[in-house]
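Quick heads-up: structures coming right below.
Paired with chain B in one complex and with chain C in the other, chain A is shared by the two complexes that follow.
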Partner chain A sequence: MASIINQISFQNFFNYFGSLEDNTYEFSEGVNIVVADNGGGKSKFFNGFLWIFYDEILDSDTKTRKNIKNQAVKVCSDKAKNEAAVNDLIECNVVLEFSDNRFRYRICKGFRIRKSKSDSSLTESSDWQVFFKDLEISKRDLQLLEFHEVYDDEEHKRILNKLIQPNLREYSLFQGEEVDKLIDFNQADSLNRAVKSLTNINKYDELEKITKYVADRAEKDMNDRVASNDAASQNYREKLDEKETKRNSLESEIEKLESYEHSYTENKGEVDKLEGLNENAEARKEFDDKIKDQNGKLKALKEEYDRLVEKLNERFFDGGFGWIAMGCEKGVSSFKEKLNKYREVRTIKKVSILSDDSNNQINLLPPDSPDSVTLQTMVEREHCYVCNREAKEDTEPWKHIVSLLNRKELGQNKSVQMFKNDLNDFFGDIQLGAQSYVGRIGGIQQSILRTREKEQELLERITRIKDKVKNLKDERSYLIIGDEDDMADARQIMGQYKGALTRLQKAEDDIVKAKNRIASLNESIRKDENELGRMRPEDTPKEYELHLDIASDLRDAAQRTRIRVFDGMILKLEKEANQHFQNLIKYNELAGGILRFKKNPRGTIDFKYLDEEGNEVTGASEGFQRMKVLAVLMAVISVNPYGYLYPLLADAPLSAFGQGFIKGFFEETDKVFPQSIILIKDLYDRDSENKLNKLGGELLKDASVSTIYLNQIPKDLKQIEVYTEHKKIK
Partner chain B sequence: MTSNEFREVILKKTPKYSVSVEYLFEKLANKQGKGEFSQFGPLYELYIYAFYLGLKIRSRIELASGSNAKKFVEIAGWKSSSPLIDFLLLTIFSRSDEIGFDWNELEDMEEKELAEVVRKVVVFIEEYAYGGLDYLKNKFDSGQLDNSQYLFVDLLSDLVLNKD
Partner chain C sequence: MINNLLEEVLRDKVLSSKYNITEEMINKAKLAPPYENKVIEYLAMIIKSKMVDMHGDITVYNQIKNLIK
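For the complex of A and B:
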């Protein structure tokens, strides 16, 4: 008979403040539900089970399981610690009672902590002394009233195993996302391990091994017996040796086969894992290339933008922009006026100085007067090019030209001394040098506007490219399932996939070849055995032959049976899994696919999820993924002829998966598990009168649900005052 | 004195600024990296900007003498390879009446007299730059400086356009 948990009680365990009696939950066969909102103590409740089975609790901060020995201060109720006086001992216990068809058992795990100083921190381990108690187990006959303590450690273990067998605990006790890992379809061995743990298929393996051992012994006995007989002919011994050699080859082939099978399993796992990824990898790579290209453009544009903005102020001083000159029109025209005036005054001044010259040698010449080189030529050629007449040497015209030539030279020398400070070039250079600024003054506002437009244009282009990249990434994200994107880039996935596929193919070929060689060796050995049978000396005792015949028959029968049972189990598994799956998702609008189980060359099971056309489905929603796992788990349990003998204890197995899935889950759980205790928030509705939502209300009336508890934390409490109230509403 | 010599005398000068506005150089002109506000690169850019700002708002503030005034880098070091210095000189000499000299008279001055004119030119630069820096300081201190890349463009632009 299955083990049924009758009750669990907590004392000062996390927010289960108070005595065991204050925090007792009674359960019975069938579906039991504890409804609680976030923070309502579901995970703490589940921690009670973890303590009982593993001496662990789940650290909600790190999401990892930790040994309770180091967590005692954290585990003990804050309210209890806060209310304790110095040297007060606080009891912290979890007590679970369960029964089978004969006994009721009580398991208690606990510790006491003592407050060592008045200002003890509620979280500091060194401020508290912790005393762990030994595991206490007691039992009573169902017909009697009193519990008797069990002292024997072995029996402690046996009783705990009776509650849930160690190898089945992972399938019986899980929390939220852990469900997905129960059967990891991406790991070839995961399903097979579940099948081995949850069904009795192992017994057939054992039977096959035992019958083979017996047959081998019978044969050895027989051969030893014959070999010791002098009458055994040389031929017989030779044949026997020949057969032994073949048997050795057979063993070596079997070893090889095992290594091929190992390689097959490993590579199958990798191929399965990478298959979905690879399908997307090609498409993802295309997106990646496009994204890379756009990101390159984006980078260049951003750099251009940054340059523009950062160097904006340089445009005040850069001759190509000259923004500092904005509004300086008046200054420029004032400068020009002053320059003109300066030059006028300067010329007049110059003229007056020249007029004062007594030799009259530095008179200014009229415009277009011949320069000194021309004057020199005119003197030499005795010809005036101004009036185009002869000017013979020593004539008046010739002397006039000579005087002009001499006067110019004198004048040049004289002009140096005309002003103390000659600043004509100073002002001229300023006018010339500032020209690039001056010429731009009128267009500065336009230039600023163009810069703003350029900036705006760059910003728009950046936004457009960002949008493009975002769209590409969005599209690409549809090709990603889970966290696979962390793995590596698409190219690497494609390479890994191809490699694993090649290795898988090779392992498959090797397995087939090895199996053929094994079959051929077996056949050859069988013939040798027949031959040896005929060659045995007359006086070989009949009982040896009979023993060998029977043992060999049994061995062959066990082998055939195992194969038949296994094949039958796969068919049944598939049927059951699909049945459970359809039931689990029946309140969901989307139709699910088909679960397909197939025996692989290694003799274990492969699993596939197919659509109606037989194509493999990848990327189904998380809800469907989890239902798949639950359906297969339920199927594996259902194919067991003895059913399942342990309770299911699950914390938030379907968190946020929608009411349809949850409804299907409760209905189906009832069919498979003799008892289930489900901690769930998805039936909670703060605003409803009975704090249950619509589905919660339905389950309240549903006959297949045995018990419903509602957990609540009183409103507006500080952390140090928190405690959980519970109410049995069914 | 030749034109070149006169130019040299001016460019060798190091105008001063008041220590009361020194922190503006840290906040608004800093090549070391991005700050909260739009920034100038070299310090003299802010100084010249402030000078033109002072002219625009007609704010000329006398510098206190002594340790309150710090020497700035010499004018020759202000973007010497660009037409900036020429434009600066253009601006200064267009205001010769205000500074107190006549272009033509310069040509007849003794060196001592010229040096006095150059001193006045430097004071002219210093006082308008201080006027501009003080304007920025008040805006900065009262949180009126717009945290935008166009801060200095807008500031000057608004003054120019509003005046028109």
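For the complex of A and C:
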């Protein structure tokens, strides 16, 4: 029968000021609830259990467990210390009573403190003398009234273990976030450890080992017996040696298998540990790659924009754009007009000068007039190439040609200064220089417009990419854990994960191969055993043969049974866990995933949380994570055919996870634990008449809830006067 | 819990068929005598000696060996 806590009492223990009678809580089988607001004594209550089991209390300042021997002054009620006179002794005790199907046990832990001076500080250890009492345990038969002291230390230990087995205390006694560590799915062996602790599967391992030992010894006895018999043939001895060699190989293979399994466990642990980090690192890298890509585009666009801006000045003077000429249309026509006028005036002046000076008149040769070289040729050849006629020497035509040849010497070709041109080719140069601009003037407005459009387009593209980069960075920021954002670390994590995954795969392959080799060797050894059975001398005692036969068969049966029971348990575990999970979350709006259990090559259990499509779910909310742990814990307990034999003692197991989860938790707890004592604030409502919220009110009427206590601190007390009052409301 | 261990091993098909262990025998099987079958006696002794009496392996074997003599 399960152990049931009947009552717990406190005396001057933290807030629980006063006698044991004043601070007694009575409990029974099923769900027991202590409701208290913050500061109402939940954690102090839980500290009572920690003291009983571990001689520790939780230091609420440092959130660490500390040995009570160094915390006595702190543990003792401030109100009691404050009211104490010098040399007064204050009793501080926790007394727990529990029962099984035959006895009721009482466990008492306590100390006394004495005030050593009138101005003793309430917290200073040196101001108080502390006297710890020995553990006191007494018991009585359930049919009798009187408790009898138990003095034997071993019996003390046994009774404490009866209340909750040491290896099960972590699953029976937890506080707040400790729930998450009960089964750490990131630790390869955490689930398997829970399965081993909470089920009887390890008994099958134990049976397999002892039957193997018995079979080996039976075989040795048989072999010794036969070997000592002269009638044993040489063939028999040789076969025996052969079998022994195979057995040695088998031992060696088993050793190798153990080493592969060790490697598997190690690497599975690393893979599990790094899985989340790797996913995070990969996701960050993916974002980083995208950000890098966008930054590359951004850089190119910015360069293009800068080039555009830089060239704006050039476009004023670049003949291809000629922006400097913008608005010069009138200037050009005015220039042309002035130039024409200038030319006109100039020509008139030129003509006038030539007319005034007849001596300086110039015979301007008509177009195609022969040059001096041609004229010389014409003179020498006595032929006019202009009119293509003969011009014999000393004839008129010949003389005319000679006169043309000599006109320079005769002064007929004398150049004259018509007027001084100080401007040289000034206007021509202007025209030449301005030519390209003048041609562009009409298109400058359009060119500027196009440039502005281009600039605008670049700016918009830059803004778009900047927004994209910002969004990517924002999304990426959700992936950063704490302040850690070192991509070198992330790459290292990815490398480590990949390495561990490769090693895990190799270990898996090695395990499968080693198991095949072991199976083959076992098969071969069995055949040898059968053969040896046939080869034994006829006078071998039959009882030895039967002994060996039964021992070997039990060894094989125990091995097969362990595998069968374990496989069956995994199926049951999965079914139970999903059932508990669905019940735990049924009052929550979101549907949860599927809990999947699978036997791995090592022969232990792997766990996954999947969605309906079979994809692994990551990033589930804390509420779901905690319900997952509780569901698996409850499933492991449920698959045990004998159930759980110890109470559940939990302080704030579901704080801040909402009423839906809490309601589901109370319903499911009752199905799994023979007794649960839950300390909770989430049912408290200071404004309600009975100080319970809606769910608290429902639980008050719920038949599955055995007791409900309400803790309260009287109003308007000074800190040193604070004490907890309690009343049983169910 | 320990009785369950006995039952589960006896339910092994190879073992039960070789030693003619029936469902009725399995249901009746206990760690304490009387035993309906030599194999049941053998297995019950091993389980009791190892897991109830918490004996070491050598003691367990010596007790089993005594069953044969």
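Observations
FYI, the second predicted complex is superposed on the first by the 528 of 730 C-alpha atoms of A that agree within 3 Å, B and C clash if a C-alpha of one lies under 4 Å from a C-alpha of the other, contacts with A are read in each partner's own complex, and residues count from 1 in each chain.
Following the convention adopted for this analysis, a residue touches a chain if its C-beta (ideal position, glycine included) is under 8 Å from a C-beta of that chain, and two chains touch if they have at least 3 such contacts.
All of these numbers come straight from a predicted model, not from anything done at the bench.
Residue contacts after overlaying the shared chain place A:Arg346 against chain B, while chain C stays out of touching range. Once the two complexes are overlaid on the shared chain, A:Phe10 sits clear of chain B and of chain C alike.
Of the two partner chains, neither chain B nor chain C is touched by A:Phe657. After overlaying the two complexes on the shared chain, residue contacts for A:Asp221 are found with chain C alone; chain B is out of touch. In the superposition on chain A, A:Tyr723 makes contact with neither chain B nor chain C.
When the shared chain is aligned, chain C comes close enough to touch A:Tyr544, but chain B does not.
In the superposition on chain A, no contact is made by A:Phe53 with either chain B or chain C. Measured by the number of chain A residues touched, the leading partner among chain B and chain C is B. Overlap of the chain B and chain C interfaces on chain A: none, as no residue is touched by both.
On the side of chain C, the complex with chain A involves touching residues 1-2, 4-5, 8-9, 11-12, 14-15, 18-19, 38-39, 42-43, 46-47, 50-51, 57, 60-61, 64-65, 67-69.
By the touch criterion given at the top, residues 200, 203-204, 206-207, 210-211, 213-214, 217-218, 221, 543-544, 546-547, 550-551, 553-554, 556-558, 560-561, 564-565, 641-642 of chain A touch chain C in their complex. Contacts from chain B toward chain A in the complex involve residues 1-4, 6-7, 34, 38-41, 45, 48-49, 52, 56, 79, 82-87, 89-91, 93-96, 103-104, 106-110, 114, 149-150, 152-153, 156-157, 159-161, 163-164. Contact residues of chain A toward chain B in the complex are 309-310, 312-314, 316-319, 322-328, 331-332, 334-335, 338-339, 341-342, 345-346, 349, 419-427, 429-438, 445, 448, 452.
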